[in-house]
Structure formats: structure tokens, C-alpha cells
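Lettered A, B, C, D and E in written order, each chain numbered from 1.
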Amino acid sequence: MITTTLYSLTGLILFGMGFHTLIIHSHPLRKILAVNVMGTGVFLILVATAYVPLGQGDIDPVPHAMVLTGIVVSVSVTALALILACRVQETSNLALLKRRNQRKETKETRA
Amino acid sequence: MFQADTPAWIIAPVVLPLIAGLFCFLFKRRIFIIALAAALANFFVACFLIYQFLVFGSMRCYIGGWQPPLGITLRADGPALLMLLMTAVTGLAVTLYARGYFSCRIADSERAGRHQRQQRYFWPLWMLLLAGLNGLFLSGDIFNLYVTLELVAISAASLAALSGKPASQRASFRYLLISLLGSLTYLLGVVFLYRTCGVLDLDLLRNLSGNGAGVRAALALLTVGLLLKTALVPLHFWLPPAHANALAPVSVILSALVVKGSFYLLFRFWFELFSPIVTQAGLNFMGALGAVAIIWGAVQAIRQQRLKLMVAYSTVSQLGYLFVAFPLSRAVEGAQVWSIVIFIALTHACAKSAMFMVAGSIYLHLGHDRIRDLAGVRASLPVTVFAYGIAGVSLMGLPPSGAFIAKWMLLSSSLVSGQWWWALVIVAGSLLAMVYVFRVMSRFFVIPEGEPLKKPAALSPLLEWPALILALISLSLGLLAPWILHILSQGTVGLVRVFPGGLS
Amino acid sequence: MTYSILTLFDIILVATLLWLGWRLLSSEDIFKAVVLFISFGLLMALAWVRMRAPDVALAEAALGAGLTGPLFLAALRRMNRSHKGERRLDIDENRDGDHGKNSEPT
Amino acid sequence: MNSGQLLLIAILLSSFIPGIIIFCLPEEKHRLRTILNLCGSLVKISLVLLMNAGIYYGHVFEIRIPLIPGVELLLNGDPLSALFATLSSVLWLLTTIYAVGYLEGSPNRSHFFGYFSLCVTVTIGIALAGNLVTFLLFYEMLTLATYPLVIHRGTEKSLRAGRNYLIYAFSGGAVFLVAVVWLQAVVGPMDFSAAGFSPSYIESHGSVLALIFVLLIIGVGVKAALVPLHGWLPQAMVAPAPVSALLHAVAVVKAGAFGIIRIVLDVYGAHNLLLLGVLPLLAAVATFTILYGSVRALQQDDLKRRLAFSTVSQVSYIALGMSMVDQPLAVIGALVHLVHQGLMKITLFFCAGNLAETLGIHRISEMRGVARRMPLTMAAFSIAALGMIGIPPTVGFVSKWYLGLGGLAGGNWWLLVVLVVSSLLNAWYFLPILIRAWFGKQQGPWPEEQYVGRFETRLMLLGPPVITALIVLVAGLVANAQISPLAWVRFIVRGYSL
Amino acid sequence: MKTGTEIMGKIRNRHKRRDAFQLLFLILVFFLMALLGTIFSTIPVNNPGLASAVASLQTESGVESPVTAVLLNFRGYDTLLEVMVLLLAVIGVWSLIKAPAPDPETEISPVQMGVVRLLAPVMCLVAAYLVWQGSHLAGGAFQGGAILGAAGVLLLVSELPWLRTVPASVLRFGLVLGPLCFIGTALGCLFLGGELLAYPEGTAGWLILFIETACALSIGLTLALLFAGGRPHENVSRGDIP
């Protein structure tokens, strides 16, 4: 019982920490990390709910299956989000550079 | 083996688009044919399921033959089937429109490669999104709903980023993060529920859930998660940029279908699963948010300078109506609640798709969508302008559109129950809708000064007619009202209302 | 409630997890954060084993730490590379044009 | 589906189908478009006359389409709807002919005539509406169908006018919707019927029902241009002349006035309204509108604007008559004025359009001696103007006569005062025009003379006002005959057993 | 000079305001979590969960491991959709961006090559073992797939030249293989038994193994391609190797 409570509260705190970081920080990678930590927190609560100490009965396998599903989903979403973040940065850098180049060109022509 | 009353038909709307999506990804040629076949099949299956529902009653399909609590149940009841039909009809139109859209863009040789690539990835993503949505409407398992939500969210975010514009990618990134946050909050709610009840099946949960603090917390978490995805004010900030910067067919899908998915779940939870613990204060709170959304979204829509952004903010406003139905649901006849929401959702799906299609066609035609400079479109795209007008009329809720029926019910219940302030909001919202719809409409009627420099070629009928047909459907939904009410009253307990004139 | 030696282990594990989580979310350096995230994942695997969930532990070790970490690192490298600027600009412009020529028929 | 239902549908389709076809026609197919329009309106007139005969002999014309419980669409041909339908369909024919002549050579005609046909379809729908929901449906559609006509010119000025028109009309529609829903919530679903709802509701919900009556009147009052809801009407004058004729005489303002009649006679019923005691309010608003409109008309130099304010004033006679619903003679006066005002006003607008189109005359100050250049047009104008003043034997006299009789019968002597004052005002703003046109001397060339031909103007422009002016005269002369607007109105009022 | 200090002051003010907001938000999150934690720990746990339900049907599922039974039999539909989510991620990534060109400057040290040569086959073996033992112990398609994916990552990191010449169509086929086998089996069951995913009696074990193998291959490929980070060069897929 104490184990379940301990781990579920840990999961909840991880969830809260992730949520806080997701809102406060602006770096895209940090946001994705935060979402991952949040997810881990939820999974921890779920697995802790199913926990039964050794010798006191069967473990409920359904939450485990749910967590497995969740982990796979979160990996795929993370991959997509990372690529999207890269792409955002690339394109916005590109726009920035183009603008800078244009400014340079206009300066040169003026000169 | 497959009789008309086999429940296994329910899985077809999920499996067909899934397979189509796989093949669309695998193959290089004739992708459109595969997608069109799937959309058509999906439409016919939806019609068949409604027929089956009307003849044999509500269906349940236990996947793998495992009954709850262990297995996953798919169920087809009135609201689910109507949402399914809405998706099928809109989806078919979008499929046709997207074909026209991409052909038109590929024909412009300058960026043909990029457009071809967009088309290539559009089809599998769209098919998988369709499967996810259908799964969402049919699923009867709270964790399976999470998976379908993710399926929808990922494909929607990828679709939103498809246009390749930096703005669209930024918006899509934000959209992805928001829907992830929503999904995780939803999942936390599921954990709370599982902790309390130990089952995942919706029907079992309804009986078990009781009135504890855990269930309340679960409801709050599920609600917040789904509200994020539904973009109710004040959580709407991600929607306009994501919807307005996407490709036109994608905007249609996102605005007409994707937000409806999460709203549908929210509504199910509030009025079926958790109806015993829902308090009037909670309903009023949702209604207040909806009222703010109606007014705020409409005011923002009026202020926009670009057609697509205007349409996107109009989505924010229209979603508010769905939530104003919350406090009024219990006011007089609790029975009317699904019908109000379904009428709004169906009308909005058809009308908003038509509007985004129109915006896309105008963008293709003029090369911009600045509202100031729309003069002369009427002469070159009469069908499109007509579609815009009809869709706008439906959004304003003029008779005989479905939104009128919904508005009638909302007004009637708010006046009967003495909550006249909702009536004020509803009327104000439709007047504001009139302003933003006709602000654009009047520009169509301006006769341009001088001859246009070059006369752009006429657009393909695939770009014009689906919009018109959807707009006409949305306008005539009010006339189909008895039929829709019949479907709604067939299976849902408590919705049975005797129709005075008789329907048969 | 029974307290045992395992409870002590639990508390240590949980404290480490929280500390790692806090550090990875608040560290100034993203690279450091990613490294911390990988170790966080490995420690989570330990926690899963403690929770009698070996399947999850295996998946977490392989997916959470073994794949997500490299994914982050690759993304980080890509982002840093795109920071460098000019050279990438040319490549990226060629890309679109290049693709236009080799467009596949549908 | 029986023959009566088929007839109703055919009446609606006879202008709807030509409208849809006209939308699809290419711009340059003028002849086909004209033929379609004329065939449609001739078919419509004959069908409406057929329905009138049926109604007279007691046939039932009714279509019910249920939507949701308590809300159904009901098309119903009763004597009152026959009156309005006949008026609209006859005037539509004339307006169509006029519009074909008026718009010769201008752009976007297929859209114009398409919306024109839809507009008439919707007006007939209003006439045939059998309950408030159906009325609301067509009432809102009327706004939509007329809006493109109002902004047909596509200039910034017309867009502004159109915007104001929409804001007024849809606000009115919204108020009307609320009132309809509320009424239904209080008294339950009801059709238009002579009895109105049961008086027992008055005891339980008296004040609410009075409030709903006010809301309903506000809703239709926007289109009927009751002061202070008339603001859109003078602005809408930027539209082409046939559209103004349509707005003032056939469709919009008339739909509002017709709505007032329906609400008073068929929704509330005379008995209930007397119990509620809201009629003096209506009478006050109507009186004020009559006097205010006349006074404002006096100040206008622009001919069409003067006519517009004259409409504001004249339509309120109908509201004034309905406010004395317990007096059958006053009701007769109000109902017959619906027709008579339409005939007179459409003549005036046709003539104003002729002056503008042929000679470029827009202002009254430019009209000196114009009667010598365009004698037929000005003769028609004079007949209609004299009718407006109420000089026998025109139809205007008939309306005012019955209104006055009704007022006297009810002991409302103030009504006579209102009638006399307003007639004097009418004379004051119409007679100078006539004097200037007939006896003034032309000073310099016409502002913009465009047409020089055998007749004073194109035949298609000349014919309709002459015909309507003749009807104004003849209908006044034979008012007591077996077949005349007055006879039909008497037939209607007999059905209400007031 | 004066304006400079003003600007600095403004920036400081903005910082202060942001800090205040952050603090407020921190407190809010803290209270929310405290509330949730209190509620969560007070939930009376008197439900057995689904453990007994799974245990009673374990023999019918065709596998010994309860988690695998849940994943691929009782809740196989979830797993089917989840495999789709993985595929969707790849499609999404491919739609966004092209795989970065190999960095010609990086030299792979022979030691690293050696390690890769040694490790990759071993990892494949481990993956196969994990899939095989999934029926009775911990392990299964996801774990096996993840190991395969890790092997793929290893190969990608070491920039083996032949990796770039794998035709895109083969990759697409590999990605679709797992989901297709899964759906195919599910539909086969539907046509034979009348229910989606209802394995005919006695065949469950073998069918699950078949699905798991196909899915593990696809999952491994998916993960490796997610790491590769973009769509392959399509012109290669048409056979004209540069």
C-alpha cells in the first residue's frame, strides 16, 4: 500500500513538474522533454495502481499493457514533435537569413 | 456469414480507411482511386449501419469475442451513427475537393514537385485520420478512446504542417504539443477512473462510477483534456493559426471534423457517463465559457483581414454554441440535449467545410484571400460564391438550416426555464455571425473597376461543386430534422419522444 | 501498512527520480538535459522492475532510454547544424528545386 | 398529395424554377431570359387566380411539413393570403417587364433576374405561410433575396445601404424569432386562425403576452418601416428603380405590413388584443409614423427619397387600421389599403424611374415642364399622386373612406383628424410636383437625356406605369363591383366575424 | 545615457513581471497537484481490477504471459491502432522533411565499425529471442522491435554506405508489413469466425507469434527510420542509383 502511494505521488509530482516546464519554458526541445516526463508520470501512477506486493496475488496486467501502448505512442509522438521542431527552426532560420541577405543586398546596391 | 444484423459491420468504418491508408502509403500510383473508394465505401457503410440501427436497434460488437470488462466494445447508437454519417459525407466531399485542389496546384508548374509530394502524403494521413475519427465515434472503451484520440491528433498535426509554410509549421507544432497535453491529461483522468472502478468499459463505468471524489477529479481531468482539443475559449489560442495556415482540404478536415471528435467525447462523458455527478454549476460554467466563445470568436472574426482566418475564428465562435447547450440541456426536457448538439454539429460540419473550400478555391483563383480585394470573384466563380452565401446563411442559423432547429430548441428551453441570458447570447451571436458573413459577401458584389489584367482560368468543378453540395445539405438539414430525431430517439434511453404527426 | 527494507529502497529510488526529473527540466543546457533524460529513463526501468512490470521495464529501457535519447540527440545536432547558417541555406534551396525536377508521377 | 397541395407547390415553383434556370443562363441570352421570366409570371398569375377561385368556393389548400415536435412548416391558402399573393404576382409581372426595359445593357443581369424571381417566390411564401414559423422562414429569406438586389450597383454607397438594410432586417428577424419561440413556449404551437389563442392564457400570462406582441410588432415593424425602425428604407433608394418598386410595393414593406395584419388578426385575434390593451400603443406608433413620414417627405428634394418617406407614411395606414381591429370597417380599410397602396406606389416608382432613365431627372427641382416631354408618364404619376392624397375616384379615396368610417363607428374621432392632417400633408408634398411638372417651364436642357425615339421613352418602361395607373383609376371606380380588391377584402373580413 | 537606463529599467520590470507570473503559476500547479494527490490517495481501493478476469481467461488466450495476452488477444484492437500510430509518426515525419544528407566529413573509426559488426547481429538475435519468449515471459513485439530499432540506429550512426541505397519502396513495404499482417489476420479471423480478431480455437498462439514477428520487424524499421529523421531520397527508389 505504502509503495503504491509513494510511487503514485511521485508520478503525480513528475506530471506537475512536466506541466510547469511545458508552460514556462520556451525552448521546443525542453517542451518535448517536459511532455515526456509528464507521460512517464502518468504511466508510473498507472503501474503503481496495479502493484501488488510479491506473494499477495496476481498483478493486474491490463495497466501494464496500457502503459506499453502509452510508451510506444509517446515515442512516436516525440519523434514527430522533434522533427517538427527541427523543421520550424530550419524554416524560420531560413526566413531570417533570407531577410538578412536581402538587407545586405539592398545595402550593397545603395552603396 | 454476414447477415444484415451482424454486429461485425460496425468495424468496417474503422478497418476500411485503415487499409486504404496503408495502401495509400504503400503505392505510388492511383492513390486517389484508393482513397475515393474508401471514402465511398465508408459512406455506404455509414448509411448501411443507420439502416441496420433502425431495423435491428442499437448494435454492440465485442472485438475478438471478448466481452467487457476485459474486451473492447464497439457500439453504434444514434449519436455515434449520426456523427459517423457526418464524417462520411464531409469526408467524401473533402476527398473530391482535395483531388481538385492538388490537381490545380500541380498544374501550376513552378512548384509541382512540392505539391505532388504534399498530395502523396495527404492521402494516407487523411485516411488514417478518418479511421481514427470513426474509431473515436464508435469506441466504447475509455482507454481505446485515448488511442484513437492520439491517432487523430498525430495525423491532424501532420496534416496541419503539410503546407510547408513556416507559419503552418509553427502552428502545427503548437497544436501537437497542446493535443499531447490534452491526451496526457485525459489519460490521467483514465487512471483516476481505473483506480476507482477497475474497469475501462463505458457501460460498466456508468454503473460503477458512483459519486466519489475520485470520479469527480477524473471528470475534471477528462474535461480539461478534451477542452484543450476542442479549443473552447480560453483554450482556443492554437486553433486559428493552425486552421488558417493549413492547406485548404486540411483546414476543412480540421475545422469540420477533428474538433467535433473531442467535443463528442466530452458530451458523452457529461451527459451519459457522469450524468449523476454533473452539477448545475458545472453546466453553467461550461455554458458561460461557451457564451464567451460565441461573442469573442465572432468579434475576432469580424476583425480579421484574411478570409481563412475569419473562417477559423468563426469556428471558435460556433463551437461556443455547442457548450451553451450544456446548461440548457437539463432545463426543460432533458431529452432534447443530444438533438441540439447533433444539429449544431452537423450543420457546422457541412457549412464550415463549404466555407473553407470556398476560401481555398478563392485563394487558388486570386492568389490571396484578403477580404478587401475580393471584388470580381462573383463573375468568375459564381458557384463558389453561391456556396459561400448558403454556407453563411446556415452558420447564421437562418431557417431552414439545422442550426436554426438547434437555435430554436436552445431559445425555447432558455425562455421556458427563465434563463433568458442564454437567449440573449444566442441572438447576439447570430447577429455577429451575420456581420462577419456579410462583410465578406458584400465584397463579392463589388464590381471591379476596369478590366482585370489577366483573366484567371476557371477552376475545376471538383473545387466548386463539393462546396455547394455541402452548403445545400447544411441548409436543408432543418427539413431532414424529423429523420434525424427519429434516429436519435430510436436507441438512446430517455430520448424517446413521441412525434405528434407520426413519422411512418 | 508494512515497512521493510524495500521501503527504504523505494524512497531512495523515488528521491533520485524526482531529483533527476527536476534537474533535467531545469538545467540551462539542453544537451545536459537530454543526457539526464536518458539516465532518468534507465532509472525508470528500475522502477518498473520494482513495480513487478518487467515488460514495461524492457520497453522503457529499449524505447524510453535507448531510442528516445538518440532521437533527442539527433534533433539537437540538427538544430545546432541549422544554426550555422549560410551553408544550410544553399542546401535547403537546392532541395526544393531538386525535388521539382525529379517529381514522381502520380 | 392532393390537387390543392400540388397547386400550392406549383405556385411557388412557377417563379423558383425560372429563377434557378436564369442563374445558370449565360449573361448574353437576353431573349431566353425574358421569355422565361414572362412565362413564369403569367403561369404564376393564372395559378394564383385558380387558387383564389378555389378558396372562394371553400377548397382547402394546405401542406404540412413537420420539422421537430411543435415546429412545422405549414403552407395554407386562405382569403387573406390570396389577397397578398394576387397583388404580388400581378405586380411582379409588371415589374419584370419594367425591369427588362430598365436594365437593358447593364451588367450582371442574370444574377439580377435570378434574385428577382427568388424574391417573388419568397414573397408568395410569406403570403401562403400558415403559421409563424413558416412566416419567419420566408421573412428571413426575403432579406437574403433582396439584399443582392439592393447592392446590385456594387458601389460603395449601395454597399453601405445594403449593410444598413441587413442590420435592420436581421435584427428585426432576431427579435421576431425570439418572440415566436417565446409565444410558442407560452401558448404552444399554433397555426394562423381567426380565433387566435385561447383567452385563458391572458389571465395567466397577460404581461408576457403583451411583451411578446410588442416584440412581434418590432420584428415585422422593421420591414414595415414603422418609425423609428424605418432608417434603412430611404437609404435603400440607391438600388435600381425596379428594385425600389419591388421593395416598396410588392415585397419587403408589404411583407412587414402583411405580418402586422397576420399577427393582429390570426395570431392574437381581436378579442385577445382588446383584453391585453396593447392596441393603443400600435395606434400611437402608426399615427406618429404617418405624420413623421409625411413631414420628412416634405423636406426631400430627391424624388425617390420623397417617395420613400411617403411609403413610410402610407404603409402605416395599414397599421393604423389594424389598431382598430374591433371595427370591421377599419379592418376593411386597412386590408384594402395593402393593395391600393401597392398599386399607387409602384406607379410612382415606375414614373420616377422613367424620369431618371430617360432624362436623368433625379430631383424635384429639375422637373419643371417635364409633363410636356413625357405626358403619359406624368399622367400616370399624377393619377397615383392624387390617389395618395385620397381624391375620388381613385383607390386612395376608397381606403381612406373606410378607415374614416371605421374610426367614426368606434367613436375614435381623432382618427379623422389624423386622416385629414395626413391628407393635407400628402397634398402639400405631391401637388407642388404636379404643378411644377404640368405648368412649369422647362429651364435649359434635361440633365442627361438618353432616349430619343417615337414614344416618350422605351415601350417597356412606359407600359407598366400606364397600366398600373389605369388600375388605380378603374379599381377605384368599380370598387363596389363583384370582382374588385374591395369585394375580396369584404369576403375576407366576413370570415373573421368581427 | 538616460534612455539607456530607462530601457534597462523596463527590461528589469518585464523580468520582474515574468518572475511574478512564474511564481504564481508554480503555486497554482503545486496546489493542483496537491489536490489531485489528496484525492488520489483517498480513493478507496476496493475493486479487484481486471487481474482475476485475465487470469480466468488466460488459458483461452493461447499464450502464457498475461501482458501479451492482454496486448494481442483481449485488447488486440488497441494494439492494432497503436501500430498504426507508429506508422503514422513515420508518415508524418516523411511528409515534413527529407532525411539529412550524410555528413561526408565524419570518419568512422575501425573500432566503431568492429563494434557495430559485432553488436548488430547479436541485437537481432536478442530481438528474435524477445519476440519468441513474449508468449510466456516478459517481452514481445514492442520490446523486440525496440531492440531491432536500436540495431538500426547503430547502423545509421555508423553511416554504412549500403543503407542509403535501400530503395524507398522496400522501406515502405517494410513499414506497412506489420500493420498489414495484423489487419490481415484480424480480417481473416472475421471471415472465418465471424468476429474481428477472434482467433480460431487452437491457433491463437501461432497467430499471435506471427503477428508479433511481423510487427516487431515493422516496429524496428519504424523506429530506425524515425531516427533517420526524414523521407528517403525517392529517386533512389526508382533504381537509378547515382
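Everything that follows uses one rule, which is that a contact is a pair of C-beta atoms (placed from the backbone, for glycine too) under 8 Å apart; a residue touches a chain by one contact, two chains touch by 3 or more.
Computed from a predicted structure; not experimentally measured.
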| item | value |
| --- | --- |
| Chain-contact steps, minimal, separating chain E from chain D | 2 |
| Minimum number of chain-to-chain contact steps, chain B to chain D | 1 |
| Taking each chain's C-alpha mean as its centre, the one farthest from chain D | C |
| Comparison of A-E and B-E by number of C-beta pairs in contact, larger one | B-E |
| Middle chain, criterion being Cα centroid separation | B |
| Rounded Å distance, chain B centre to chain C centre (Cα mean) | 35 |
| Chain A and chain D, separation of their C-alpha mean positions in angstrom | 67 |
| Approximate Å spacing (C-alpha centroids) for the pair chain C, chain E | 13 |
| Approximate Å spacing (C-alpha centroids) for the pair chain A, chain C | 9 |
| Numbers and ranges of chain E residues touching at least 2 other chains | 36, 40, 49-50, 54, 67, 75, 78, 82, 85, 88-89, 92, 96, 142, 223, 226-227, 229 |
| Sites on chain C at which at least two other chains make contact | 55, 59, 63, 67, 71, 74-75, 78, 99, 102, 104 |
| Chain A - residues contacting chain C, complex | 1-3, 6-7, 10, 13-14, 17-18, 20-21, 25, 27, 29-30, 32-34, 36-37, 40, 43-44, 47-48, 50-52, 54, 59, 64, 67-68, 71-72, 75, 78-79, 82-83, 85-86, 89-90, 93-94, 97-98 |
| Contact set on chain A toward chain B in their complex | 15, 19, 22, 28, 31-32, 35, 38-39, 42, 45-46, 49, 62-63, 66, 69-70, 73, 76-77, 80-81, 84-85, 87-88, 91-92, 94-95 |
| Partner chain A, residues of chain C touching it in the complex | 1-3, 6-7, 10-11, 14, 17-18, 21-22, 24-26, 30, 33-34, 37, 40, 44, 47-48, 51-53, 55-56, 59-60, 63-64, 67-68, 71-72, 74-76, 78-79, 82-83, 85-86, 88-89, 92 |
| In the complex with chain E, residue positions of chain C that touch it | 54-55, 57-59, 62-63, 66-67, 70-71, 74-75, 78, 81, 91, 95, 99, 102, 104 |
| Contacting residues of chain B [partner chain A, same complex] | 70, 143, 146-147, 150, 153-154, 157-158, 161, 164-166, 169-170, 172-173, 176-177, 180-181, 184, 187-188, 191, 194-195, 200 |
